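One chain, chain A, appears in both complexes that follow, with chain B as partner in the first and chain C in the second.
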Partner chain A sequence: MSLLSVEDLKVSYGPKGRSFNAVDGVSFTVEKGETIGVVGESGCGKSTLGKSILRLIETAGGTIRLDGEDITGLGHQAMMSKRRRMQMVFQDPFGSLNPRQSIGKLLDTPMRAHGIADKAERQKRIEYIIDKVGLPQTSLTRFPHEFSGGQRQRIGIARALILRPDLLICDEPVSALDLSIQSQILNLLTDLKAEFSLSYLFISHDLSVVRYFADRVIVMYLGRVVETADHETLWRDPRHPYTRALLAAVPIPRPGSRKHDAPILGERQSAAAASAGCRFYQRCPMAQNRCATEEPVLRSVDSGHGAACHYA
Partner chain B sequence: MKTVPVLEVLDLAIGFPAARAVHGVSFEIHKGEMMALVGESGCGKSLTAFAIMRLLPPGARIQNGQVIFDGTDLATISPRELRRIRGNGISLILQEPMTSLNPVLTVGVQVAEIIRQHQNLSRAAAKARVLELFDLVGITEPHKRYDQYPHNFSGGMRQRVMIAMAVACNPALLIADEPTTALDVTIQAQVMDLLDKLRRELSMAVLLITHDLGVVAQWADRVAVMYAGRIVETAPVQKFFSAPQHPYSMGLLNSSVSNGEGAWHYTNHRLSEIKGSVASAAQATGCSFAPRCRHVIAPCHGGQPKLEAVEKGWLATCCRAQNQEERIHEFA
Partner chain C sequence: MNAHSPRPSATAAAPGVAPARKKKTGSRAWRAVRHNLPFLIGASILLAVALIAICAGVLYPGDPRDMVTLPLSWPLTDNEYPLGSGSLGTDLASGLAHGAQASLLVGVSAASVGLLIGILVGAIGGYFGGIADDILVRITELFQTVPTFLLVIVLVAISGPSLPIIAGAIGVATWPTVARLVRAEFRTLRSNDFVLAARSLGYSTTRIIFGEILPNALPPIVVTTSVLAANAILTEAGLSFLGMGDPNLVSWGSMIADGRSLLRTEWFVTALPGAAITLTVLSLNLVGDGLNDILNPRSESNR
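Moving on to the complex of A and B:
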């Protein structure tokens, strides 16, 4: 049984009548100890997907199962106990930490909220986790503004881990950081995975990072999954034209290696304006007449490899 | 052939009441050149950029140094003079294109307003100029787009609008602070190609702040590396990638998640890290990188090393940078 299974998930924003689905029929599973990478352009619905799995945003359709149990309709109380198993590291490391709480307090609060009454036990966990994320014990009495961006990101990770979750949803955990801090954090996440068999839903628009850290990858475009495969297959044999364009556009850190033949894509449409056909139709270099009227479904193109394109 | 630089920053220091954040930064940019500024998060890249425009956040102050643009020192000229230069001589593009546009005005009107503030043009002439600029930055159907609102534009298109505004008055220098960090790589390539085209066609100098070394390798001519409020190396891009001189530059390059071919995976390769944290720089008596440096020797603790030439156009602040043979050997 999968740790997490998401089926036909829909999340919509906007007033009735003019709402649009920011996540529009997304399905996937996360196995124990597995890392699923989620990539796609800004605004394609990655953060919305992450938050809706934790039910921080209400869903408009579909089901979310944790260890096989449908949690989509759970009330607030029942959901609390599930959140203990699924935690999130938020996209914005600056905005998501309460500036008036010391780091020790910040880490203690979620444990108290989840009814861990034994003070000594809480203190033990705090000291353990702060060490795990590579910060000195003296950090505990300091406040968020006294830390650098990368350190705050680790504090966010420590807070998410303190309840010992099974699944960690990481939303762009390294995008705003320089390479040296990025590698410290990726090494930390790798260690934690080995130690606790953590599973990750790892959201990022940085493809090099996802290639390094994910076991399987989901490529999203305007609220839909357009391709999914294990990391090796996706980079060796991308099938969807959007995935191909993405992979071809990754700038390589070697001067003079610029490929000027990377496919040029037009401007994207908004999800609200999506027509009856393929959502990628207007930007697609491979599009045929059929693509304008008939929406491609995500279908298996090889074992464990799916793509939503008529010509994949 | 020696040309006069468009911008020359000399020993610039920026401080907050509690502490100094930028300690004596010097660099220059030439006509048509794209220079990248990279470095650890919080090292003072944005502050440096804002100081050039004298747009520092509250509390921050230029404490020392000069910013020579077109023969005048921007650090000391009158606010009136400064306004003229901000519109016509130097432009700034910020990371977040969403918040920089007014949601209730059409995009065309906003760009036209900016132009009219700095150039004495009629409404009709300003509109014609906007349409021309939209075309220049690759906004298709400019007439239709002129009358649309910001929410009708995608992130990449909004960034084009910001670029159109920034180049409207043919600035000699464009400063772009992480212009593509929020965009996907396909849009990033379009925006960078556009900046590249503009600097070639308009001979504009570009100061590009980024932490993406792929972007640096693909689009910049020169790179300046900052660490803890100081420039520790400036080098032509080729040299920086093939033989970085400062150990922090080496650490950055070594931290990459891809080896160029990009075949690394967490299951078969552990990423290299620069051990320790930038906080140690405050306690350092000598080189601010010494507490984290793998190549540290006794003289490193003797005082902050100066930015010295490795060869023409290539500078580094490292006690050991002079001995090139040895450095390159160690890095390999």
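Moving on to the complex of A and C:
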């Protein structure tokens, strides 16, 4: 059984009648110990996807299963035990920590809210986890503003791990950090994955980060999955024209090596203006008449490799 | 993959944060206080008034309304009654001390009532938004359109003039200021990621509102509270001046009313309680201004 399985998930924004689906029929699974990378440009719904799995945003349709149990309709109380099992690391290390709480309190409150009454036990866990994320014990009495961005992200990770979850949803965890700090945090996440046998849903717009990190990659465009494959296949043999364009856009640090073989035409459409055909139709370099009228479904093009394109 | 790379970097970065910054918050706030002269002046006046109010019963054990000497003796003429006497031979010094008690009591309790209602209404409206917010905003506006003083007079006229009623009425008339402020703060703060993090950790709504958001909204609320207390003192004085104060207590407002007809000859009967009100209200405003600077981490005096 998959740790997390999402089926036909829909999330809509906007007032009734004029709403649009920011996430539109997304399905995927996360196995135990697996790292799934979700990539796509900003506005493609990848952050919304992560938040809706944690039920921070109401879903408009589809099901989310944790260990096979449907958690889509659970109330606050019933959701509590599920929240212990999946946690989130946020993008902004400055906004995601309450500036008025010491690090000790930041880490203590989640356990109190989840009914861990034994103070000594809580203290032990705090000291253990702060050590695991590579911060000194003296950090516990200090406040978030006394730390750098990278250190704060470590605190955010510690907070996410304090309830011992199985699944960590990382929403662009390194995109707000300097390049040199990014690799430290990625290494930390890799270490912690082995240590706590975690699964990750790793959301990022940065392909090189996902490439380093993910076992399997989901490429999203305007709320839909356009391609999914294990990371080696995806880099060796991308099928969807959008994925090809994304890969071609990754800069290669060698002079004169810039390739122009998969251009994207024009601007990204608004998800609200999505028409009947393929959502990528207007920007696609290989679009045909059929693409304007018939929306391609995600189909298997190889074992474990799916693409939503008529010509993949 | 290099499994140990995060560790050395963390320890390397640690000394940058570690040395001698343990009591940073405390010492910085204290430094800001010491360099803020208006705040220090305001706080000392307020402290002095509070001290006099607390000691009033010990310093002047008798009823301040009792006739103790000849009426209208000028200040500094009688050693026993250094501040002179009122139109009925009451000791003005005793009246001022007991009046301080009444004024501060009204100021503190009215501000507390206003704070309590204002925070509740503002927090609920600001955090939840939607229909609840719409309704609460309309109610707030309803209270705000009614002139404060008029509303207090009506409430006191209905329920009878006693100190708790007066304080409560002033609180009920002034909470919209707090509510609007708290609502605005909550609307900004609720979209912060730390609130989202709190929700994802499964915190209850009560815990999020009072444990996570409210502490971040406190600085402007504290500042407003001091102004609220000052206004409450003024309103009570006005009420007593009109003869609608608590008849069993001497307040600064009733003392001014007592001296009203004597203004051209025995002006000190009015001037002394008037000065007391001015000084107290001024000190509260100075404290409020000072707190604004001290609590705001980006203000000049904090560097």
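Some observations on this one:
Here is the rule we go by: the second predicted complex is superposed on the first by the 305 of 312 C-alpha atoms of A that agree within 3 Å, B and C clash if a C-alpha of one lies under 4 Å from a C-alpha of the other, contacts with A are read in each partner's own complex, and residues count from 1 in each chain.
Convention: a contact is a pair of C-beta atoms (placed from the backbone, for glycine too) under 8 Å apart; a residue touches a chain by one contact, two chains touch by 3 or more.
For clarity, every value in this text was computed on a predicted model and none was experimentally measured.
Of the two partner chains placed by the overlay, only chain B lies in contact with A:S42; chain C stays clear of it.
When the two complexes are overlaid on their common chain A, residue A:V209 makes contact with chain B while staying clear of chain C.
With both structures placed on the common chain, the touch criterion links A:Q151 to chain B and to chain C. With both structures placed on the common chain, the touch criterion links A:N98 to chain C but leaves chain B unconnected. When the shared chain is aligned, chain B comes close enough to touch A:A176, but chain C does not. Of the two partner chains placed by superposition, only chain B is touched by A:L246; chain C is not. Contacts of A:S19 after superposition on the shared chain: neither chain B nor chain C is touched. With the contact threshold set out at the top, residues 148, 150-151, 183-184, 187, 190 of chain A are in contact with chain B in one structure and with chain C in the other. Within the complex, the chain C residues that touch chain A are 1-3, 5-7, 9-11, 13-14, 16-18, 21-22, 24-25, 192-194, 196-204, 207, 211-212, 215-216. By the touch rule above, chain A contacts chain C in their complex via residues 51, 54, 56, 76, 79-80, 83-84, 87-88, 90-92, 95-101, 109-110, 113-114, 133-136, 138-139, 141-143, 146-148, 150-151, 154, 156, 159, 163, 183-185, 187-188, 190-191. On the side of chain A, the complex with chain B involves touching residues 40-43, 148-151, 175-184, 186-187, 190, 205, 207-209, 211-213, 231, 235, 245-246, 249-258, 262, 264-265, 267-268, 270. Within the complex, the chain B residues that touch chain A are 38-42, 140, 152, 154-157, 181-190, 211-219, 237-238, 241, 251-253, 255-258, 260, 262, 264-266, 269-274, 277-279.
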